[in-house]
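As written, the chains take the letters A, B, C and D, and residue 1 is the first residue of each chain.
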Amino acid sequence: MYFTSDNAVGAAPEILNAIIAANEDALPSYGADPMMQDVEKRIAQIFETDVRVFLVSTGTAANALSLASLSPPWGAVFCHRYAHIEVDECGAPEFFGGGLKLVLLDGKDGKIQPDALEYALKETGAGGVHQVQPAVLSITNVTEAGALYRAEEISTLAALAHDAGCAVHLDGTRFANALVSSNASPADMSWRAGVDVLCLGATKNGALAAEAVIFFDPKRQADRIAQFEYRRKRGGHLISKGRMLSAQMAAYFKDDLWLSLARHSNLAATRLADGLRKIEGVEIENSVDANMLFVHLPVAVHKRLQQEGARYYLEPPSQSDEGDGKTVRVRFVTSFSTTDDAIDSFLEIASKA
Amino acid sequence: MYFTSDNAVGAAPEILNAIIAANEDALPSYGADPMMQDVEKRIAQIFETDVRVFLVSTGTAANALSLASLSPPWGAVFCHRYAHIEVDECGAPEFFGGGLKLVLLDGKDGKIQPDALEYALKETGAGGVHQVQPAVLSITNVTEAGALYRAEEISTLAALAHDAGCAVHLDGTRFANALVSSNASPADMSWRAGVDVLCLGATKNGALAAEAVIFFDPKRQADRIAQFEYRRKRGGHLISKGRMLSAQMAAYFKDDLWLSLARHSNLAATRLADGLRKIEGVEIENSVDANMLFVHLPVAVHKRLQQEGARYYLEPPSQSDEGDGKTVRVRFVTSFSTTDDAIDSFLEIASKA
Amino acid sequence: MYFTSDNAVGAAPEILNAIIAANEDALPSYGADPMMQDVEKRIAQIFETDVRVFLVSTGTAANALSLASLSPPWGAVFCHRYAHIEVDECGAPEFFGGGLKLVLLDGKDGKIQPDALEYALKETGAGGVHQVQPAVLSITNVTEAGALYRAEEISTLAALAHDAGCAVHLDGTRFANALVSSNASPADMSWRAGVDVLCLGATKNGALAAEAVIFFDPKRQADRIAQFEYRRKRGGHLISKGRMLSAQMAAYFKDDLWLSLARHSNLAATRLADGLRKIEGVEIENSVDANMLFVHLPVAVHKRLQQEGARYYLEPPSQSDEGDGKTVRVRFVTSFSTTDDAIDSFLEIASKA
Amino acid sequence: MYFTSDNAVGAAPEILNAIIAANEDALPSYGADPMMQDVEKRIAQIFETDVRVFLVSTGTAANALSLASLSPPWGAVFCHRYAHIEVDECGAPEFFGGGLKLVLLDGKDGKIQPDALEYALKETGAGGVHQVQPAVLSITNVTEAGALYRAEEISTLAALAHDAGCAVHLDGTRFANALVSSNASPADMSWRAGVDVLCLGATKNGALAAEAVIFFDPKRQADRIAQFEYRRKRGGHLISKGRMLSAQMAAYFKDDLWLSLARHSNLAATRLADGLRKIEGVEIENSVDANMLFVHLPVAVHKRLQQEGARYYLEPPSQSDEGDGKTVRVRFVTSFSTTDDAIDSFLEIASKA
């Protein structure tokens, strides 16, 4: 009954097996192994376009390194107020970006409102050299509030950003969950919608520790790509035994494993939501587009679940276990490995409490 | 008819004369001249406490260097959404602070609401190592919206900040204007209210280019002070012919010049406001506590004033000269050198238009 | 016949098995798993003292993060001219350290000469605030030139550093190789000799990607440790599925695996050296204390080896395959997985050429 | 008898008068005043080419801001081991440059040996992404050892640098002294010899606090120039009352004042050198190309001079007043305001001791 995060479990068997299978031979290190080239080709195929791909071992590294390659130190990165890059990376974008500034935008369900973006693009930097200048739009799909951006919504935001001379970054920690939820193609959900750089997560969807940073239209982005390589090394993120990352990623994309895992995860969330809706006093806040639920639990239910060993986070973390006296706001995240049994046990405890 | 900023004119005669008088002899450089020691003593006297003082030539340097000495790179600096450090320093605090984060707070007239601060202090960093940690409260007095914090208001905010382990920084670009407006003593408006570091501006109030960074309770802040000295040098802000700064500051405090200049400036603003209030269609937005006015001018009046050579800024700068079609929002700033004649000429043009 | 580096192969079987065994259950993420606590306890045992341990996935991250926690941005880090932190980390120490400065020292075999250190400590920062200040001594054992520092040699250097107020950092990428070569205890080769922070490598000695940063005397170093945690997160080096690192490290220390692997590696180097010495025209430059050889190969031998598939690096890399016309200077590195067969095949080709 | 540095005195009368004359009117701030445009035009005239000019108040700021605009954070800046940017700026280049690396070169009299540069350009970065990459050659004329580079010498070094893809930066703190010493034209000593950016000092040659950063061929360097403007603001180096800098610079170039002042200064050094040579036991180390002398003084002479109030620096500063027991190595610097009387008094004391 672990619903803390999609990183509470280990790797999917296929991915673990790939690490094992790749262990034997001597191979060029630092990303020059043949598997890495295959991964790049495979991603090009899946996204139906030319790409340049780099692997790193954490989502924070993927985001911060790519943002630093898209923005000067005096750049403004526009993102949602609840974006992971703002809330959960301890200032990594500012650190890697030489002191760049995140400009926070509002919008329901963690989704940036187009007019909020439009206003911010107009105001930011209008004072000339005294102000940071528009540089990057960063969106997250699935959002931190568990919601889905559809391809058209991304296009709208990206077009505004591009018109203002900004690059578009997509934090795709849960990109696979977004794809299976929307039934859109990888290309439609990324570069065709205007995304320049996609940080495609695997760790939260079955890998052990692997994230892909994908630059679309690599010729146009040659400068950024060159930057990225030096920034990755100097950030300590160029893994010497590169096979550790490339093997995971090769398995991740093989036979659409990534989509199967995400589908499982999303379905588990639906099952959990369906069960919770039947319990009196429980209120689900979001529409459960993917694998995250934001739920108001009666305090008694919460306490009982804790006693019985269920694990999940208070959201925000500054709450006490008493919440507002009546309910506690919590977050549940399902994963590729969440079992129906675990969900049912959980629901049984909750409904009895 | 220059109302763009209090930096549109040169130095007050007393300050210019001090620079001239200090020019002759050979003196130790880099701040080791005897005038610098006198300035430190004089500031201690004025503030009725022990201090350590450093001079720099811009307000941006004063703010950014002191914030960097108060916050680690993973620190949160709480400030008003319209604070100069957020809006007008092109990311200097983030740059000097190694990528620290400004957390923006709301409040009327550029003044931080205590409950907004309280909430932010509670939420920020609650997620542990994943989040930046509360480090500094930065307030501005007079605020960027021209309003005055009274000593009690500062005390309230500072107490909240200290309870959360934060240092308190006061951006006092217009500290003298605040003093004469409030009739409070320098001590009451700073360390007695809980301020740890005061950036006391002189440039906007009659100096050519000089700002004092004042550390109160220097024994307690010995580490921060040591940091400041290295940061200043490595930031290129240790002026070799230090007399340039110390001479200005010595004159600034002599015979309460700083207060006389600020008084003149505040009175000029009052005169301007009184005149504007009589003109139809003109609306003054703020209460004119000091030397700044935020005014909605009818477009016709604005255009006529421009033609006649009046100078002031649109606020925000992203507006066109047509404003919203009817009025334009503008900012007027008076200074130690604003003459009654200039104000009266300006008012005459405005009232005729 | 891979002698490029000790990172050309995958993981030792024991370590791979540990990753597999740790895969199943849901566990607290971000380093809060129980295995991590065991690793810390085990390291305390091995080093016979209290420690605080953090794991990261690359040696560059381990070095740069720990140096940044030991030095202010205006600090001087004294290291050998050929140190990995100077030559092979693309400026990572400067990046993580906010622009700190590496001060390069000379000495035979990559070992810092005590008098070179003494001189540098005296000169650096003597000009006061105009200069960076002595902050850290960083030594590497085994050195980049393949040589061993004995415990007494480390003590001598560390004492000089401590007297000057510096911390002592040990880059122990090949610490296990140093231990088995010297027959000294881990404690004698580290904190008893004056080391404050040890970056103990595992990746080059059989792990897949895992390095331990060990702070000795954690009470005294509480501030540095607190810094390290934020720096690691904000550097993108806090792995979410922390078991990936802790499992490797648990296996690394179990049943003295780390020493067995290093012993194998060192013996392979001896075998290779013994063979090469018999080949005419081949000159081994160093005394082969551990698992690295620096060798002058006749160009013909070099070319033949390349044709036959042997892999190793030119040193320095700016050479061509023609070297100076007669010989090429190359580096051979053996590893835990180097087989006698591979060495013998290699020697046979070399001796025939 | 102040020979500590050319910054021990105030401003030349012409420059002080210019500050006074510029004080009156209201003017656009932040460098948009008309005097600034005149300064740029005048510099273009003097250098016989198109330029873009920025003014700052310290040499450290000029150097660090321009280097940061010429090099990426993973760049190598090649400079002499005794360069001011290495020895006397407390790491400012590393700070502004996001952690770039200074690669130190040897050569007599503070002048970089061409073959030392050639070797460093070849070796640096040859290891690819693991190493910082050649980015800038920085030379200083007059050097910190008081020696002159002739135009041909600069050409030789600059050609090597350009061939390796580096930009060329000239630290011209004492550029005027170099010009009058060499009788070369400003153009020949800068862009015609391959200099891309010249930091032309005025502070040490009669200004109060003013340095010009000159970008030659501004079309080619448009990106660097755009960067510079943001870096200057965010570094706190955009002075609000810009006239303070532009007035100084206008006077500096008027009627060749800069050359007259430098000529005076160089002649004073010659007079001092001629006198010292006649004193037994005194040895002048350098050839006195400009306004600096490096001298071995008998300890007794040194002590007597100190007692009589003569001021100058020990070089290096880590020496005691006893030197090596027999002599002390010291530095004398003359300035635009050094009088024959002061020199003669000094020499009289020295010769009697």
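In this section, a contact is a pair of C-beta atoms (placed from the backbone, for glycine too) under 8 Å apart; a residue touches a chain by one contact, two chains touch by 3 or more.
All figures in this text were calculated on a predicted structure; none of them were measured in a lab.
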Maximum centroid distance from subunit D, chain identifier (CA atoms): A
More contacts between chains, A-C or A-D: A-C
Approximate Å spacing (C-alpha centroids) for the pair subunit C, subunit D: 41
Geometric centre distance via CA averages, subunit D-subunit A, whole Å: 50
Inter-centroid spacing, subunit C versus subunit A (mean Cα positions, whole Å): 34
Per-residue overlap in subunit A, given as positions that touch at least 2 other chains: 73-74, 89-91, 95-96, 98-99, 129-130, 230, 233-234, 238
Subunit B to subunit A touching residues, read off their complex: 73-74, 87-91, 94-102, 104, 122-123, 126-132, 316-318
Subunit C residues touching subunit A - in the complex, by the definition given at the top: 2, 4-5, 7-11, 16, 19-20, 22-29, 56-62, 64-65, 89-92, 95-96, 203-204, 208-209, 230, 233-241, 243-244, 311
Complex contact set, residues of subunit A against subunit D: 30, 72-74, 98-99, 129-130, 133, 227, 229-234, 238
